[in-house]
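Single-structure report; data block below.
Read from first to last, the chains carry the letters A, B, C and D; within each, the first residue is number 1.
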Amino acid sequence: MGRTVNKKANPKLGVEIAGIKFRNPVMTASGTFGYGLEFTPYTDLNKLGGIVVKGLSLNPRQGNPSPRIVETPCGMLNAIGLQNVGVDYFIKEKLPALRKYKTQIIANIFGETIEDYMEVAKRLSDSEGVSAIEINISCPNVKKGGIVFGTDPSEAAKVVSAVKGSSRLPIITKLSPNVTDIKVMVKAVEEAGADAISLINTLTGMVIDVEKRKPVLATITGGLSGPAIRPVAVRMVWQAKQVAKVPLIGMGGIMNARDALEFIIAGASAVQVGTANFVDPDSAAKVADGIEEYITRHKTSLKDLIGSMKVG
Amino acid sequence: MESAAVKILYNKEVAPKYFKLGLSWKTPPIAPGHFVMLRVSDGLDPLLRRPFGIYNVLGSKGKGTFKGNGIELVYQVVGKGTQILANKAAGETINLLGPLGNGFPHPDGSKKIIMIAGGMGIVPLHMLAKSTEGAVLLYGARDKKVASMAKDFKDTKCKVKIATEDGSVGKKGLVTELLKTELKSDSVVYACGPVGMLKQASIISQAAGVKCYVSLERSMACGIGVCLGCAVKAKTHNEKENKNYRMVCSEGPVFDSEEIDWDAL
Amino acid sequence: MGRTVNKKANPKLGVEIAGIKFRNPVMTASGTFGYGLEFTPYTDLNKLGGIVVKGLSLNPRQGNPSPRIVETPCGMLNAIGLQNVGVDYFIKEKLPALRKYKTQIIANIFGETIEDYMEVAKRLSDSEGVSAIEINISCPNVKKGGIVFGTDPSEAAKVVSAVKGSSRLPIITKLSPNVTDIKVMVKAVEEAGADAISLINTLTGMVIDVEKRKPVLATITGGLSGPAIRPVAVRMVWQAKQVAKVPLIGMGGIMNARDALEFIIAGASAVQVGTANFVDPDSAAKVADGIEEYITRHKTSLKDLIGSMKVG
Amino acid sequence: MESAAVKILYNKEVAPKYFKLGLSWKTPPIAPGHFVMLRVSDGLDPLLRRPFGIYNVLGSKGKGTFKGNGIELVYQVVGKGTQILANKAAGETINLLGPLGNGFPHPDGSKKIIMIAGGMGIVPLHMLAKSTEGAVLLYGARDKKVASMAKDFKDTKCKVKIATEDGSVGKKGLVTELLKTELKSDSVVYACGPVGMLKQASIISQAAGVKCYVSLERSMACGIGVCLGCAVKAKTHNEKENKNYRMVCSEGPVFDSEEIDWDAL
């Protein structure tokens, strides 16, 4: 795939989501791109539509015991446990360097209570350089006995409207795929005020070391990501598109431009590249180049491609 | 630090399941203890890169850090990734990310250097041996064939003492037994090998009031400190970032052994 | 992996599920092994614990339009649409030859109404040579406007108790993974009378041909199987084991004995090999041999392995 | 029908992206039109086997069916599976399932045989050509380089007429145009190639009241009739099993063109 040199944004590649103008539809997924700066030796951050930073919580978090990752067929499980530096440290130490790039910065946030979510969102709104907040609702609600916000439509809706009320920033809600009907979740968070919806987060999985008869991960289960899950992710984006009024951001196993185009054609206005960043730290920029090449070759535009799947 | 497609110069079996892999690469400066991540397949399975220590920088006579026109790795075939690697031939290209991590703190010359290696742990210590003088390497190997790798230390100014599991060369038994006899109060220890050995080396050194640096291995996804997958628990709390965990890839792989919570490993 | 010659069953490898004695815990999964006889050139059917035949309906079914399959990373999607010869043809033309083998024959059944399920179960009970019925509840209930039996606990329970009432045979209920909480489904079908539970059926997914901007499968979505889904399948078996009182039969991406042992250690009393039969038609027999080798090497027995996962 | 690990005798590029692959295999009887499924990787990606027609049975002079000590395949690199295949070298082993499917009905000699091939469709027809006399092959190729495969028909008693897309050899244009001129009322047609070409050949033959056998391609998972993935819709209903669909792998790949519902393809 030919690389293009850094140049002015191609208007046919641009997209506006929740009032934010992205130079291209390719972002990096939360938790797979650190705080962005770690990638400067390997890629040009200015080539990215957006960077979604590692999930931020009110206080710094230690994360889970180790082992935290294990490879699986065409994928990997992670149980990082949302280790992060905390929202204040991020704003003070990471954001100033990051906002120098011509790419949109999206802060992914999570909490164990609704109040946590609200407070993190508030502090981010007060800072400069963050374009939007992505809410990770795949977290256990400690007050509700650990049920996961992201699999209960009414709990999810509560988080979204609380965050919406605490922040002037556009709110992207990131959905968990571990549900019977993704459409129910889409409707719930949309009604609660989400400006855009991103999906999918990881599928819950586990791997056992059969010689030791123990789970490989210290936390037993972890989140499955990578190309293995792509067919499930594309299906969910397509289903979400049937009911969604707000723009969708698709992800799950995108390794190259062809994969990203599946999501766009299924209905996503933009995509996020996750696990692929580990395999090739320049992946997301290459995906953007490949989409541009496709758009040129097919004499089309991103706008015309979104949700353009023909059936029958 | 770069991501590069490099050419395989050679890939030869030096002992059963042990391979030396030469890669043509105009290297950035490399310090003993640095490693690289290789993408063993262009396909999707195995998906993740595999980490390997650097055994030699080719065409370089540096000290401390090395710059050359190639590197040599030594790897053992243990699973599907290393099996695929073993099938590659000279002339093929492979994608490399590196050099990664922090090397061993360069010895200041005031202490007597003891290197202790178990199995593949010999890899980063070979680089260290090349940049020091008067050191001793204690090398624990499975058997005679693996122990034969010690002959590579002839071009270093370093004495080698061997322990093999089967007693076929050197002392029969664990290499940490050698450490017990070798250790003096003015020693400094550099260790690389299986966790059990590292823990023992750490206990022995600490008991003798001697600094011990260990190079750790951990399953890795990114190699550059972003996935947070390769965490090990530290005894000490990092105040600045308020964290107990250390990333082996970006904060290690070399750590002061006192920093590590060995019981959590 | 060393192959053993056909010989007397190893008692350490045997297992009894719902009153049926299996010589070893390895069966072939429905839809991936035809009616068994097609495999005689490539494998020894006597080496299998059981054969689960292609899903049977009351009347023969044509199945879906083509294309019906597509490869995905470490997996495949299928949308066969449950094409089958119908229960009567099966009993008359396939069963007589099949029951000559020293392996248990399990009939997988499905329907579009509860009455369909009942009638198929009745006819199978009246025939000789079928050891158990496996109910595939991953089918749309046409009477209930197409909602899928398998994702609604009360609909699933209705099917199970209806089938249970129509048949003298042990009933295995096969669960769909496309649900938020597999434990709810386990409890529902168990209370309804399932004698054993098998899981998982396929995850719903889709693939888009980006050059044509069309779904590859004629039916748009299909069922994802193969090693890609194994981490999800192992997790669900482990979760099911937390609540199940009846024996579990695990499946999803088993390619070799190691994979099968993950399921057994997680809590399955037996396993089924599916997609692997396409890659190597002798897979299931090799899995059985490999489990035997493991049991010998570890000086253990299947009974002691089931659910033997140590945590912490 | 067997599953066997066989040795690669040769694997050479005969035209850009076109390879001839020789496999050492003591074959069961093979008929023209039979195919094999190859497992191109021992890994999990690509997961499924890939189907390939049989171009030659090595070391056999049979007619109708052939038994030999090897087979020759011809394949075009179109995706990741065939790319992996192209990288294999003589001496490596590969797993094969076959022979699969039903071959062409053997010509009874009463009719004038017209074979029509598009691109890779030449593969099964080469076998057929070897077991018939006085046939003509109409061969549609992309360009001169691909068309050069026609020289393999010199050892058959078969006349070759070529059409190339770029006009670099033979007639410029579609091979079905050649069929129109060649077709007589006492002909029988055997066709293999892209669906569009097969459909045209079928229409032309049916209009002339001539039997036309087509060899179809379909994505396959099992190759042995059990996954029901490779279905094509038939015009005729199979009463016995009450079905409209035919499995390309086990009931084909060769069908009487009148049996196929071409609009559903």
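Here, a contact is a pair of C-beta atoms (placed from the backbone, for glycine too) under 8 Å apart; a residue touches a chain by one contact, two chains touch by 3 or more.
Note that the structure is a prediction, hence the values are computed from the model and not measured.
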Higher-contact pair (C-beta pairs counted), A-B versus B-C: A-B
Centre-of-Cα separation between subunit C and subunit A, whole angstrom: 34
Averaged-CA centre spacing for the pair subunit C and subunit B, given as whole angstrom: 46
Shared-contact residues (touching 2 or more other chains) in subunit C: 73-75, 226-227
Of all residues in subunit B, the ones touching two or more other chains: 44-46
Category of the chain touch graph - line, ring, star, complete, other: complete
Subunit A to subunit C touching residues, read off their complex: 72-75, 77, 151, 178-181, 203-208, 210, 212-215, 220-221, 224, 226-232, 234-235, 238, 253, 258, 261-262, 265-266, 294, 305, 308-311
List of subunit B residues in touch with subunit D within their complex: 41, 43-46, 80, 84
Residues on subunit D engaged by subunit A in the complex (per definition of touch): 44-45
Residue ranges of subunit C touching subunit D (in the complex, touch as defined): 31-34, 38-39, 41-42, 54, 60, 62-63, 65-71, 73-76, 78, 80, 83, 85-86, 89, 226-227, 255, 275, 277-282
Contact footprint of subunit B on subunit C as seen in their complex: 73-74
